[in-house]
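Notes follow the structure.
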Amino acid sequence: MSIITVEQAIAWMKKINEKMQENKDQLTALDQAIGDGDHGINMARGFEAVVEKIEDTDYDSVSDVFKSAAMTLMAKVGGASGPLYGTAFLKMSVTTQGKEVGSSQFQQAIRAASAGIQSRGQADFGEKTLYDVWYQVADFLEEEVVDQWGGIVEVCQATIEDTREMIATKGRASYLKERSIGKVDPGSMSSFYIFESLADVLDWSYS
Amino acid sequence: MKKVINHPDHVVEEMIQGIVTAQNESLKRLPKTNVITRSDAPIQGKVGLVSGGGSGHEPAHAGYVGKGMLDAAVVGEVFTSPTPDQVLEAIKAVDSGAGVLLIIKNYTGDVMNFEMAAEMAEMEGIQVEKVVVNDDVAVEDSTFTTGRRGIAGTIFVHKISGALAEQGASLKEVKRIADKTIENVRSMGVALSSCTVPAAGKPSFSLAENEMEIGIGIHGEAGIERIPMQEADKIVNILMEKILQDIDYVKSDAAVLINGLGATPEMELYLVSRQVQQLLQDKEIETYKTWVGEYMTSLEMAGFSITLLKLDEELKQGLKAASQTLAFPVSYDK
Amino acid sequence: MKKVINHPDHVVEEMIQGIVTAQNESLKRLPKTNVITRSDAPIQGKVGLVSGGGSGHEPAHAGYVGKGMLDAAVVGEVFTSPTPDQVLEAIKAVDSGAGVLLIIKNYTGDVMNFEMAAEMAEMEGIQVEKVVVNDDVAVEDSTFTTGRRGIAGTIFVHKISGALAEQGASLKEVKRIADKTIENVRSMGVALSSCTVPAAGKPSFSLAENEMEIGIGIHGEAGIERIPMQEADKIVNILMEKILQDIDYVKSDAAVLINGLGATPEMELYLVSRQVQQLLQDKEIETYKTWVGEYMTSLEMAGFSITLLKLDEELKQGLKAASQTLAFPVSYDK
Amino acid sequence: MSIITVEQAIAWMKKINEKMQENKDQLTALDQAIGDGDHGINMARGFEAVVEKIEDTDYDSVSDVFKSAAMTLMAKVGGASGPLYGTAFLKMSVTTQGKEVGSSQFQQAIRAASAGIQSRGQADFGEKTLYDVWYQVADFLEEEVVDQWGGIVEVCQATIEDTREMIATKGRASYLKERSIGKVDPGSMSSFYIFESLADVLDWSYS
């Protein structure tokens, strides 16, 4: 049984865009604290372009929706987050190509996205990057039954809180060394919005 | 936020238009891209040099495009690395078959985007090499972390590798001298005030009236520490100590670049230069040549960076060669 | 006041030391003076060109000393005209018997001090002529008042008269072309923030977060009016309207100088340049060449000025001629 | 009978210097309002140098003290005020050369200084410059008996107040046009300190 349809994939992208626009200033402020102050701007620009692209296109498959998102993010975001999110959605597209997206396909897609981020960014788990969120989400989806997937939101929230206590060793925040402690990683926060949007669109219940 | 702009979303586009209309003899824009190239690119038989990065660092990098330096600059959004498709366009536009060298400042985003472009270009049969500039001694050099940032020392890499490329050297040779320049160049900066990313609308950080940030990054990234303001000579001493302890310059010749970050009066940059010269003299380091001005800025940030390049005969030749660029012209010996 | 200085009283002295140590190949300082000359001055048979004024306008004027432009720059205290004895030293140092032209910006102090020096030099048998630059259309042009100020248009006067002097023209000829340049050059500026004279320690004036001063002087003198901040294009329109209505540029060629006052990012200057180009196109005024950067600053003031020079063939030749100066290099045609 | 001796001339210069140092910030603030904010700095630098010069030198005549002051101001001040004050003291030196300075010599000296300022600066009375003060003082000294010369302070004060209401047409303040109204001219203020110092040193009584 497919857990995500073409329409839902499209709705997911639109929901992400909404959240990025809403939280643009918050993400930028987080990045001002430990980076260079453009993460919200980057996400808002990127997902706005994704939605524009998607509204202009007819889709037969979830994979194609992900591919559009990937290519658009790659071409419109730049910075660190552009190639990372671009890679993530590209891996999801490749993994789901020619398939209905059932729960196991989705698990594999997120696992592939996570691995793609890791190989592109060369960050390991615990380095205070958005990889932390994707890694945890991939684990969670493999461990939990579909009915419990609403828990993804809590997993993300917890991971974000974990990043707060970490010393960044990758990305711009790493220059701060110990002074990065106490601040949430902006990329982890935007990843949170991505998965929160998913839970919203798929009506996964969460508290 | 007080800026001479029309709309934050149009700043980069309008700046590029401004650059290419003002410099229409020497520069051109690749249609529908944010890539600025020499108007005579590609040059037959010459290795193409491509650099770039986020905008907000003007004159970097379009100001270094021209005979004797870069063939193309790729312009990203403010403080945001350009995307791979743009870098790819630049590579294709400057390749004449001799291959292309990418000069990348060491930021995760820049490295990833340029690498992806390189992969794509190679798939199209273009030979691509890359070097990553990491001259900022404020940041720890480690293979486990992101490592050092690339800042104003990048200009020397443009200049020296550009000179060799102009002479017709091979891609391998041009990469070698770029790497050699990178090995010998060190920089460090200080901020007295923040910059404001136009789309953010708020200063990236804030400093008290009596504070400065030692080791600031050119995107407003944090430095080593915040300390009370000091006399010019003392600030210079702090930066120079870190730079001089990083590689051994003693008894060698060095090129000096005093770089204003955007809002520091040139008058003050010359005070900085003066003290740098005095310290170098004390250490028996011979100043080969000094450049003072704005080379790699951070929008309207007040502050400056000092760059020291340790020289041998080959690097000197590279600095000395003619360059017809807006921001780093070197005239022909007559 | 956040400045990279040691002590307000030493700023000018230390800046001069910084300039001459950094540029020791091309510039030298006359011992015990605040005069910076070409290192090869005096040039036999050539008319000597001397300019100068208060400091705080760097790169003016030392940045324009060199082959093809000035022979000497006299450096005053911050925003304060240099004294006659200093100007006299400069005149004596650059005179080779062919006479000396003084290029003075139109401020009461500058005019008086340079005039006194000219009188003294004439008593010593040196032929001296002077021209007074008054390009600032923000100020009313009247013989009953002080008249218009000299601002960034001065650079074009340096360039064009310097080119002719380099070719060996007579003092009379060099003065003629300097006057012709002055007749054809107009400028106007705008400030977004104040500057702070180091010894004053406080900003010279203050603007609200949403205000700008149209027609600002380069020493922070008041402009025409304070109005709310506007979009870049609209600010440009305001300045250009005043400039274009002052002399008739229509159907002629013009050189453009977009000058940052100190703290305005180069990015923004290119936005200004873009709109200037568009307006000129609309008016059928052909842009001969555009310069964008910092040429005549006001310490750390945010803002810019626009300069338009109406050209004929002779003035074009003057702009085109080679110049080996730090701040206005023009390379030799190869 | 001499009204000003060499010692008094020296004391005058020292007193001027004291007042310029004390009022440096005030003069600069006045110049910030309608000029370029350096007048106090210029005066403080200039008269400090005058005192240094005078302390290094032996004088036989009042004329020589004035000459030292003139040459030093000319060489150390710059700007508009340097040549103007330099000229003023030079004219006073020339007028008093080879003479004891009695009241009529002093009247002539000030008249010559005033005329020198006028011809150097090309300003007429009422253009809101320091010339206004010198012109009024010259008139006053010619009109009043020596016993009443303490009134010089009031004359200066009144002239300064007059400059407040004028539209400047010479010097930097002229750029402000009507907006220069309401502000005191900085050069007139420094001229006030010069004559106030004179009254102090010569023990002219004033209220």
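Note that the chains are named A, B, C and D in the order they appear, and that numbering of residues resets to 1 at the start of each chain.
To be clear about the criterion, a residue touches a chain if its C-beta (ideal position, glycine included) is under 8 Å from a C-beta of that chain, and two chains touch if they have at least 3 such contacts.
All values reported here derive from a predicted model rather than from experimental measurement.
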item	value
Both-way neighbours, i.e. chains that touch chain D and touch chain B	C
Chain labels contacting chain A and also chain B	none
Whole-Å gap between the CA centroids of chain A and chain D	75
Centroid distance [mean C-alpha coordinates] between chain D and chain C, Å	32
Interchain centroid distance [CA atoms averaged], chain B/chain C, Å	29
Rounded Å distance, chain A centre to chain C centre (Cα mean)	54
Shared-contact residues (touching 2 or more other chains) in chain B	none
Interface hub residues of chain A, defined as touching at least two other chains	none
Chain C residues within the chain D interface of the complex	54, 76-85, 107-109, 112-113, 116, 138-140, 144-146, 149, 197, 199-200, 202, 204-205, 217, 219-223
Residues of chain B that touch chain C when the two form their complex	2-7, 11, 14-15, 17-19, 21-23, 25, 55-56, 58-59, 192-193, 209, 212, 229, 231-233, 235, 256, 258, 262-274, 277, 289-292, 294, 297, 299-300, 302, 304, 322, 324, 329, 331-332, 334
Complex interface listing, chain A residues touching chain B	28, 32, 34-38, 40-42, 45, 74-84, 120-121, 169-172, 174-177, 179
